[in-house]
Amino acid sequence: MPAFEDLKIFTGNSHPTLAKDVCAYLGIGLGECSVFKFSNDNTFVQFGENIRERDVFLVQSIAAPVNENLMELLIMIDAAKRASAGRITAVMPYYAYGRSDKKDQPRVPITARLVANLITVAGADRLLTVEFHAGQIQGFFNIPVDELTAVPILARNFLERGLSNVVVVAPDVGRAKRARDTGQTLGVPIAIVEKQRIGNEDRSEAVSLIGEVEGKTALIVDDEISTGGTVIAAANELKEHGAGDIYCYVTHPLLSGSASETLQKSVIKGFVATDTLSVSDEKKNSKTHFISVASLLGEAIHRIHSGLSVGAMFEQ
Amino acid sequence: MPAFEDLKIFTGNSHPTLAKDVCAYLGIGLGECSVFKFSNDNTFVQFGENIRERDVFLVQSIAAPVNENLMELLIMIDAAKRASAGRITAVMPYYAYGRSDKKDQPRVPITARLVANLITVAGADRLLTVEFHAGQIQGFFNIPVDELTAVPILARNFLERGLSNVVVVAPDVGRAKRARDTGQTLGVPIAIVEKQRIGNEDRSEAVSLIGEVEGKTALIVDDEISTGGTVIAAANELKEHGAGDIYCYVTHPLLSGSASETLQKSVIKGFVATDTLSVSDEKKNSKTHFISVASLLGEAIHRIHSGLSVGAMFEQ
Amino acid sequence: MPAFEDLKIFTGNSHPTLAKDVCAYLGIGLGECSVFKFSNDNTFVQFGENIRERDVFLVQSIAAPVNENLMELLIMIDAAKRASAGRITAVMPYYAYGRSDKKDQPRVPITARLVANLITVAGADRLLTVEFHAGQIQGFFNIPVDELTAVPILARNFLERGLSNVVVVAPDVGRAKRARDTGQTLGVPIAIVEKQRIGNEDRSEAVSLIGEVEGKTALIVDDEISTGGTVIAAANELKEHGAGDIYCYVTHPLLSGSASETLQKSVIKGFVATDTLSVSDEKKNSKTHFISVASLLGEAIHRIHSGLSVGAMFEQ
Amino acid sequence: MPAFEDLKIFTGNSHPTLAKDVCAYLGIGLGECSVFKFSNDNTFVQFGENIRERDVFLVQSIAAPVNENLMELLIMIDAAKRASAGRITAVMPYYAYGRSDKKDQPRVPITARLVANLITVAGADRLLTVEFHAGQIQGFFNIPVDELTAVPILARNFLERGLSNVVVVAPDVGRAKRARDTGQTLGVPIAIVEKQRIGNEDRSEAVSLIGEVEGKTALIVDDEISTGGTVIAAANELKEHGAGDIYCYVTHPLLSGSASETLQKSVIKGFVATDTLSVSDEKKNSKTHFISVASLLGEAIHRIHSGLSVGAMFEQ
Amino acid sequence: MPAFEDLKIFTGNSHPTLAKDVCAYLGIGLGECSVFKFSNDNTFVQFGENIRERDVFLVQSIAAPVNENLMELLIMIDAAKRASAGRITAVMPYYAYGRSDKKDQPRVPITARLVANLITVAGADRLLTVEFHAGQIQGFFNIPVDELTAVPILARNFLERGLSNVVVVAPDVGRAKRARDTGQTLGVPIAIVEKQRIGNEDRSEAVSLIGEVEGKTALIVDDEISTGGTVIAAANELKEHGAGDIYCYVTHPLLSGSASETLQKSVIKGFVATDTLSVSDEKKNSKTHFISVASLLGEAIHRIHSGLSVGAMFEQ
Amino acid sequence: MPAFEDLKIFTGNSHPTLAKDVCAYLGIGLGECSVFKFSNDNTFVQFGENIRERDVFLVQSIAAPVNENLMELLIMIDAAKRASAGRITAVMPYYAYGRSDKKDQPRVPITARLVANLITVAGADRLLTVEFHAGQIQGFFNIPVDELTAVPILARNFLERGLSNVVVVAPDVGRAKRARDTGQTLGVPIAIVEKQRIGNEDRSEAVSLIGEVEGKTALIVDDEISTGGTVIAAANELKEHGAGDIYCYVTHPLLSGSASETLQKSVIKGFVATDTLSVSDEKKNSKTHFISVASLLGEAIHRIHSGLSVGAMFEQ
């Protein structure tokens, strides 16, 4: 097994706080690495310490500005490869382009696969991530992938609230499976909010609901939240059907545009997410709560480095 | 654009009837190709005619015996490549291993990706298929993929029956999206059958139902049917909730074991599927009905060969 | 030889004007292609017309925002590949990251090679560009590359001015070869501006000049201009050594920050560049002059498409 | 050098007995790995223990059912790769498709090379095998291959019989080289049985013999035996030419169909083979004798794992 | 089918005569291509005419100086690829390193596979050759290979001599198969010369003979001849066993060192070979006779270019 | 970190003296490896000792005969890979074909990139070299490259001579950057010799000089010297402009043809080079002086093997 002292963690500019927290969990310092732009807008990277034969982990979350952060990561990988790193693990707490995972219209890309190819050709040996948009994205890679789940972390937070008479709600049919899995974890029923066209009237869309929610505490679950539109539409529908308190649990808080304010003003009582993405202080408010994945990632990095089972982290 | 006379279609042993029907649609003869086994159980392939620079389509459905049929296809591709075929398209009306599309347990394979790699390394230039188990499997390939849908064919059959007061039912949460898409095509609501554990009792599983079905004609939809267990459990649940006539529409009729008899004896009134898989006569009975995808595949092959849009086949 | 009607040109958002001018030269319309961002900052691409087996050229100049423009191009290539394009040529009038073409410090990337790998893995079959920062970047590719030179276009502009007693000046030793080549084209001598440390004094840098410039019309030549700092320092040094009128000719007008104003205020009499990069109107002033490469690119695309020699464009 | 405790051996369903014997030689337990089929005939694999960074050996002999066993191996390799195995060695005591090693007719595959590509693309780092049908199959691989020979094991058995006046016989010209090598090992002359067409008569085939066999103990040698037809025809020819006792030594006992009974009834006095293939008890009879390669494979695995020379196993 | 006018043939320095003869057969001129060395011993290549999208055939026989000729070919391929050739076929009438086709000793290369990799990575799309040392070398390639046989050409020469009472002789056990094939073509028996150690005496080697040759006209056949040692030792052995006239037929006349004189002085009455290798005039003498493969190669090139069957050239 | 005892160094025939000196620096013996030619001019390689999992360094300078030496290296790499070497580093003190690093004419190769591809496909894991002709050649590789510089070694020799009033001279504009770098190291000015066409007269070439040299000690610097023509023309030009003593410092002494005698007879007072290339005794004379890079290479090998920084060797 490789010795622990060889482990090195570096970060780009997308989420240095999380990288530092991961290092703190592991009791090591964050490696020195400059990542900046020249006046010609070209990104530049230089590792500030010897990484030959080291076990290198590059922490970079691919949030907005998405393309900037992705290119930073690719250039870091290239630099690490040419600096003779022993093994390079791309640590992407949030993997962008997950929704471009299939051709559901003619002549569109499958960008999630393209990104997998880019990471691989740049020289990464492995990937560590938290919850892809679809599990199948694992198969976009030929290199080993460790996909961690934040569901136990989020569930623990929910259980601590001691709520009762709960229903887990999928805000969209595409998310039904996640609701089912969470429902099974918590031992509660599920419901699904659905956008449907009834009859043949020309594309008039109506939000409807499948399942029972009246008088229940509703837990809307999703993997990520962007503008918040889908979640809030679902919450409103739940209220119309007589739901009680409504909470929203997601893993990846993209919170683009004014999503945070919209949540604050909405019927949702509490919004809980992890910190796989960097959330600025102005996006935090009385309803939002963020739980760190630093120990999750730190433990996984320790296990990857030491040849211990990562799957064992999620066994009960 | 390449000339039509260069198109050549060959088939292995998995589903020659469909290959012949495709040729009939195109008005060309099926190419000569021997695919058989030596006494040492080694599969052997020989093309019986010159295929240099030809536009070669190899029709092989990967049904049981799955591994035999897959290896036949791979060996055909290798032989075509070494015989200097101009372009090789693997035509797989049914793509096996689609359910092994992610690591949802530790230390399992992603065989659907492995199969994509095998087909590519053997030498295929493109893939033509009908409905993957998950659309993301497109992204397992770097070569161009044309994935056809049989939903319009199946929907047409349904519409011809002139039924009313219909609900589309997903037999499982994982199939909810397909039910929603079909529901939208037909302009009817959906319901979902769900296996749930209520409370924390030790893994006692209960089938339940989300949505309204009472007095309605139920249309259970799925991409494939194997033993039929899931579909029949769903049908029974629907009956308990007062559903009227129950039909089942699937694309790929695997019908393994005694699935066909089980369907015959079940509460399901009619079972409709395509012929992407070869179904023996003894598996056909008074309730089953099969609709050919030969014209669908034939038209797609014509369009691929002639540089015409395949997407245009599905525009209204 | 492939027929002309199959040629299709598309553009991303970096420099649509040039793409349109190229189409105008060729007498064809620009292809329909949407390239935009979702609310989650993910770039999306969709080709609006059938491109199966077409000879597809994707025009995208990789100027600021560099990483955005590069990712747009990569995603366009992926979409074109999956849409079964017959051949994909990445047309990059300006290729970014050219200055990251070697490891001249420890643990830095060779991003120009990384970009070559990204373009290739995305699925491009060929590259068409105008003047790399170093000719060796051609060798970063395994796919065929056509590198056009703008020197004849720029030289023609110079000759039309009818100046005499000219010296071509390299603003830096690293650019001496380009100055020599231009000097030979025009039949005039060269000089070189050089930053030197004289003696062993601690890193005191002095700009000096090698060669004769007194009373001569000086022509500073370079491949690109970013902030303009190097060029203006060179011009000042030339003035100190008694040079007459000073002109500056570059191929790629990056003109980052306030470069344009700085040029306007400087001792430089005229600044001439091509339009390989999009220059906003506010960056144009009385001293600047831009010459289009549209006919150069258009002619090269025509020749690539028709199997004619591209090298022949530059023979006298 | 890697530590011994990291070595892990797993087996599919083709020949578990041999895998267990190899483990016994090494004094370690066989690793836990489920390899079975779902009702849809899809093969499934799951490793039952952590194999991160372990030195993994997958023992699978590719005998009938050939394609099943091969796919099992490929899926095991994929699962091991995705489970982050440190190094994966495919241990194939018998490598199928060895006779499809060249195009000796138009438009046939080279399946032995295809198999090499499949094993490599699945993710194997090395191959360990016993006697390819042709040594050149080593060159079908780019990964390192260790090919062991069973000739010394078989020769030792022969020498223990204490026979005299021996001639080694190739049952076919294509096997002459093996006969020569064995002849040299034993210090005895050789003869060759040859199917020839004499004169121009229409393809009338006659078995003939080159070399002297009268009154001698004949040792027919071959790499593998399938139906036994060739070997028995050779034995009959030898009897006609006055040979004494006839023995047959082969490495790989395919014994397809009724080969075993045919041997029992033939003029051959004794049939000796190794256990690179699993032979069912009903195929064993009074004339057959099987010698295990477990120690041969075990020793090679030990040496590969420990960085010791494998070639040294065969030096005298 | 591609038009004939697009076909272009070029040659390096190894065997220009053959390349010209091939062009003469096809009625086209040899393409202009400079291949020479700079003073620093670096080989340089430049194509003297536009080859964009052309069907390019590069004729280069890999005889002594082997490494020079091979590198010339690789550099020509690279230049053709970068010049946008439509398709590149390496035409190697003689493929060197064929005898390094397996690891028959520890820690040796498989150079024949290495050469296949080099040709492929340089950019060749296909290979055309005459008789590999072993047919399995086809499988060293993933690109399509056309391997022509010179046996019919050589057999025709033999038949024209009208000899009778003939035996075909393999000069070595390893060549027995070729002798058998030739014997079957001519309808005559075979014999094999064999180097054997009789008894356990310390490595005393004795040449012996298997089969009947007394009073017969012997035809020694081989794929290539280098120093001629093996062939002449075989001829002497044949004479000792009372053979009549002895002829020698080989495909590839390497004739290294003084092989030609040695043949002239030997008991061999006639030596016949093709011109796959360039043989200088001083190596020709009264016993040697060379038959051109120009029409064989020319016909194959025509067929490859036009999409016609190459296999059909060898059907009777 | 890997243990030191695992390091193994082998050499081909191009420069065994240097390989031995490197071993002497490291205090280890040169590994046993036979590299020779068969009578058919095929190069053969066999390692004489076990190299499984060893850290293997193959020292081979690619001087004349360039293609022979390159093929030797490629075959050694193939043999090492197939012998299961743990890691293979190609040590090329001189990398040939560096001047073929771009397409500066139509239809020429980029052989320096081709060589990079050949080395990689053969199986090298890393490259160690001394001063490429252009730094960009690093980017021709995807594997890690360590490029050492001999400038400090050469500068040290110069400083020991205690000369004063020095000017560093580039013998050609293309070498101006190296002169500038050396000038900065020594704290002295630079001059450039330039071949120019003045006016429009028909290609009459005149050597001219940019910068001040009168009365100064001139130091012509270059990366390599072949026939010496450029350097001697530069020296003559310097003399005409009144330069004092002239020295010439280059890294790679190709010294092809009669270069050595020409230097001896020239106005150059002293010629200093390293021993990256083997120089025969008859090429050494009273003016030439060679400084060994053995310790430079040895130290780099030690650092690569032990995971220490190589960049640190060049920090002050």
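Labels for the chains are A, B, C, D, E and F, by order of writing; each one numbers its residues from 1.
Following the convention adopted for this analysis, a contact is a pair of C-beta atoms (placed from the backbone, for glycine too) under 8 Å apart; a residue touches a chain by one contact, two chains touch by 3 or more.
The structure displayed is predicted, hence computed values, not measured ones.
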Mutual neighbours - chains that touch chain C and chain F alike: A, E
Third chains touching both chain B and chain A: C, D
Pair joined by more contacting C-beta pairs (E-F or D-F): E-F
Cα superposition of chain C on its sequence copy chain E - rotation in ° rounded to nearest 5: 120
Distance-maximising chain from chain B - centres being C-alpha averages: F
Inter-chain centre distance, chain B versus chain F - centres from mean C-alpha coordinates, in Å: 61
Rounded Å distance, chain A centre to chain F centre (Cα mean): 50
Centroid distance [mean C-alpha coordinates] between chain E and chain D, Å: 32
Per-residue multi-chain contacts in chain C, two or more chains: 50, 82-83, 103, 105-107, 110, 113, 117, 138, 142, 145, 309-312
Full enumeration of touching chain pairs: A-B, A-C, A-D, A-F, B-C, B-D, B-E, C-E, C-F, D-E, D-F, E-F
Sites on chain D touched by chain A in the complex: 6, 50, 52-54, 81-84, 86, 123
Interfacial residue positions of chain E with respect to chain D in the complex: 101-107, 110, 112-113, 117, 134-140, 142, 145, 147, 173-174, 176-177, 179-180, 183-184, 187-192, 194, 196-200, 208, 210-211, 309-312
Touch list for chain C against partner chain E, complex: 1-2, 126, 138, 142, 144-146, 303-304, 307-312
Parts of chain F lying in touch with chain E, wherever the complex brings them together: 38-48, 50-51, 63-68, 70-72, 74-76, 78-79, 82-83, 96-97, 99-100, 103, 105-111, 113-114, 117-118, 120-122, 224, 226-227, 254, 256-257
